[in-house]
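Okay, handing you the structure first.
A, B, C and D are the chain letters, set down in written order, and residue numbers restart from 1 in every chain.
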Amino acid sequence: MSQDIESLKLSNAQIAWRAAQDIEDGAYVNLGIGFPEMVAKFQPEGRQAIFHTENGVLDFGEAPPLGEEDWDCINAGKKAITIKPGTAFFHHADSFAMVRGGHLDVAILGAYQVAQNGDLANWSTGKGGVPAVGGAMDLVHGARRVAVLTDHVTKKGEPKLVAECTMPLTGVGCVTHIYTSLAVVEVVDGGFVLREAVPGLSFDELQALTGAPLRAGNPVVPLICPEELK
Amino acid sequence: MSQDIESLKLSNAQIAWRAAQDIEDGAYVNLGIGFPEMVAKFQPEGRQAIFHTENGVLDFGEAPPLGEEDWDCINAGKKAITIKPGTAFFHHADSFAMVRGGHLDVAILGAYQVAQNGDLANWSTGKGGVPAVGGAMDLVHGARRVAVLTDHVTKKGEPKLVAECTMPLTGVGCVTHIYTSLAVVEVVDGGFVLREAVPGLSFDELQALTGAPLRAGNPVVPLICPEELK
Amino acid sequence: MDKISRSAAEAVADIPDGATVMIGGFGGSGAPIELIHALIDQGARDLIVINNNAGNGHVGIAALIEQKRVARMICSFPRSADPVVFKEAYLAGEIELELVPQGTLAERIRAGGAGIPAFYTPTSFGTELAEGKPVEVFDGRSYVQERWLKADFALIKAEEADPHGNLTFRMAARNFNPVMATAAAVTIVQTTRLVPLGAIDPEQVVTPGIFVDRVVEIAEPAQEEELNRAGAVYP
Amino acid sequence: MDKISRSAAEAVADIPDGATVMIGGFGGSGAPIELIHALIDQGARDLIVINNNAGNGHVGIAALIEQKRVARMICSFPRSADPVVFKEAYLAGEIELELVPQGTLAERIRAGGAGIPAFYTPTSFGTELAEGKPVEVFDGRSYVQERWLKADFALIKAEEADPHGNLTFRMAARNFNPVMATAAAVTIVQTTRLVPLGAIDPEQVVTPGIFVDRVVEIAEPAQEEELNRAGAVYP
């Protein structure tokens, strides 16, 4: 990838911010471990999402100050969280009834690869070691909107948005929205539709970095995120 | 049926008393609506069974005094019950998880017919009207011991313990113990084994009132119940 | 992010003709009488109603049937102390009945809420209620395949509710209410006490708000059993 | 009718070699550390252990694996902050792994407790974790058939327990504990507070005593996360 394009790329914080702008007031949201957790910080003024963590807590609060953790009050990433007015605790079968039963509005996950039909690979590189899946395979079938946050390409510059996943699948045809370091893409009728692209990047340049055909949305909107999050 | 045999018959209270003698201390027990509910009264000294009602109450207390009913606190027969130390409330899916999951020690039900292989017919006469099944089909698969309380014969004198049920089945091969007005019978290896018979009734007389072969238990014990319950 | 409706009428206003409606309660305990009566007033017809029973006396579900609004009942036990309304409609062929064993009914509703399209149960195997259903053998024992049950709307009675729809229930009035709350596209709750957010201990929430769409406070709800003992008729 | 054991050692004394043991907890929250350590002291081998994870550091399940007592782990996420014990045993071929998606793990255990031998789920359809499992189409969508999961013993951590085994839990330490309590032939509970019968409000019982066989009070239980931050090693 050219240094030019590298300089156009959004930071993870910016990607998380962009994803947060699409979450409606009152939405029930599950944020995957790691990078997707940043989305919670960027809720627009006047909107309040309710966060679910698959280990049995709904509507939890922020992380406690260092040293004030209660390790019985954690999220799925095993980080300490807090309770707040409205919090509810429940057991694991009830928690995944919420997930699998379609009660979440949005699930946001990371990705190794996303295919044009919405197939997702995000749990195993297929390279041996100790495999671990956690709740990812449940979450991708559990929400009305399944959104992926990801760099547009791998560290080696290979597309992460692909014609077909070559890595082990997490789910088939499950991803609906993709927020990348260069674009916002939706999966529509088995193909990628480009909704937004960072300014300064042409459609052809973005297509060259994408492993399957992009259809231009009508319109394609400039993808502009707060500079201070860069 | 001869008047002689009629006079030997146990009362419903005596049948319920006899069934109660086989309930161990600490057993979890579901009593069917009606006649089986009497079993609760006859727990032997020093033993404490814990009663389950399928509408979501475990370890409930006796009926409240007339006029002090709380109609949110009822049993499956929609009769008022009370709470006591140890009571727990739960929802219907959890309640039938207890039943179907095999967590009950004993379920006690009424019967129209019981077949020698343990088939039970107790929910429908098959004669039209409004059919209603309630929890019977679940309960017969839910307990380690499924016991039936019944007259030995119908009002017309026909056997209720039969070779094959002619009425609509509640469950297949589910009954393990039968407490009748004349005998205690177990279902063993697809046949009726006579464990106890009321004094004054010969094996052949009892066989004549039974619609399938009885095997004599070793021994057959006299079935003696408190006279004051007659 | 406020789920509060101002009245039972407002809460049920958009239930259309032909809707499938789960109604909580076991007999009179936990029956959301005011929501049912608002549904009668509202006028929707050809409803498919899912409840353990099929009404008692001339209030609640019995009244809904008496007003000829119910095309089909899915229930386990369509009998009661005073079952005349359902019985007459059924024997006259005016209402269909799908009879489901009580535990299977609860589990089918739970499955609907939990994203489980089908499951196997020993219940009803070998009986006429299993006719036409797939049977499979697991570990040498036969089981019947049952499908999930979902609804367009659920009418629920809670004891406490907060503005996000976290709920508690009262004694055996819990019964089908928490399970049905999970299995409907729109879950409408009447609560005896509307409490502020945070007033329900997070450990004691029975139904988390994610399952609830609308909450209306009915501070002194009627109890079906007491209405029937008083000979009440609705409307 | 008293389910109280005098010690963790007494409570786990009869767990035999080769037993299948469900162990509650999600990471360190809700992990019954004292029961696990009593099981280590007791010496049973060739265990099949069911837990969401596969141990962290050198205490609890990690210590059980380090002592070479576990033949097979059934879990969703055998990684942790310090996963070295499981990782080395796994890569050395000393321990088998059955990897199950987390929601499927919870639902299989719930099915085991609820008498449901098999169910269908969308989870894992089309992935390598569904290989060899029956697939069926319902309403145009494909689902994987999953089997129930049961155990010989469950080791559970509760907050309060009464002598009949009614339980409450503490915050997110609830997780798999109530579900596993339903799915084992013998359910063994360590409770932080043993309270008299009647001390738990009937509305607030999370696990009714019907699912519990033994209760032992461990008044100041270790928290796995804190043990690991202090670098603890067991034994």
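Here is the rule we go by: a contact is a pair of C-beta atoms (placed from the backbone, for glycine too) under 8 Å apart; a residue touches a chain by one contact, two chains touch by 3 or more.
Per UniProt, the chains are A, B = CoA transferase subunit B; C, D = 3-oxoacid CoA-transferase subunit A.
Everything quoted here is computed from the prediction, not taken from an experiment.
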item: Comparison of B-C and B-D (more C-beta pairs in contact); value: B-C
item: Computed distance of Cα centres, chain D from chain C, in Å; value: 34
item: Length of the line joining the C-alpha centres of chain A and chain D, rounded to whole Å; value: 30
item: Where chain C touches two or more other chains at once, by residue number; value: 107, 110, 114-116, 121-122, 169-171, 202-203
item: Residues of chain A engaged with two or more neighbouring chains; value: 83, 89-90, 93, 96, 99-100, 141-142
item: Touching pairs among all chains present in the structure; value: A-C, A-D, B-C, B-D, C-D
item: Footprint of chain B on chain C - complex, ascending; value: 26-30, 52, 76-81, 83, 86-87, 90-91, 97, 99-107, 109-110, 121-129, 169-179, 206, 223-226
item: Complex contact set, residues of chain C against chain A; value: 1, 110, 112-116, 162, 164, 166, 182, 196-198, 202-203, 205, 208-211
item: Contact set on chain A toward chain C in their complex; value: 25-26, 28, 48, 50, 52, 58-59, 83-90, 93, 96-104, 141-142
item: Residue ranges of chain C touching chain D (in the complex, touch as defined); value: 107, 111, 114-122, 136, 138-139, 141, 143, 147, 168-171, 202-204
item: Of chain B, residues touching chain C in the complex; value: 53-57, 70-75, 78, 81, 83, 89-93, 95-96, 99-100, 119, 129-138, 141-142, 168-172
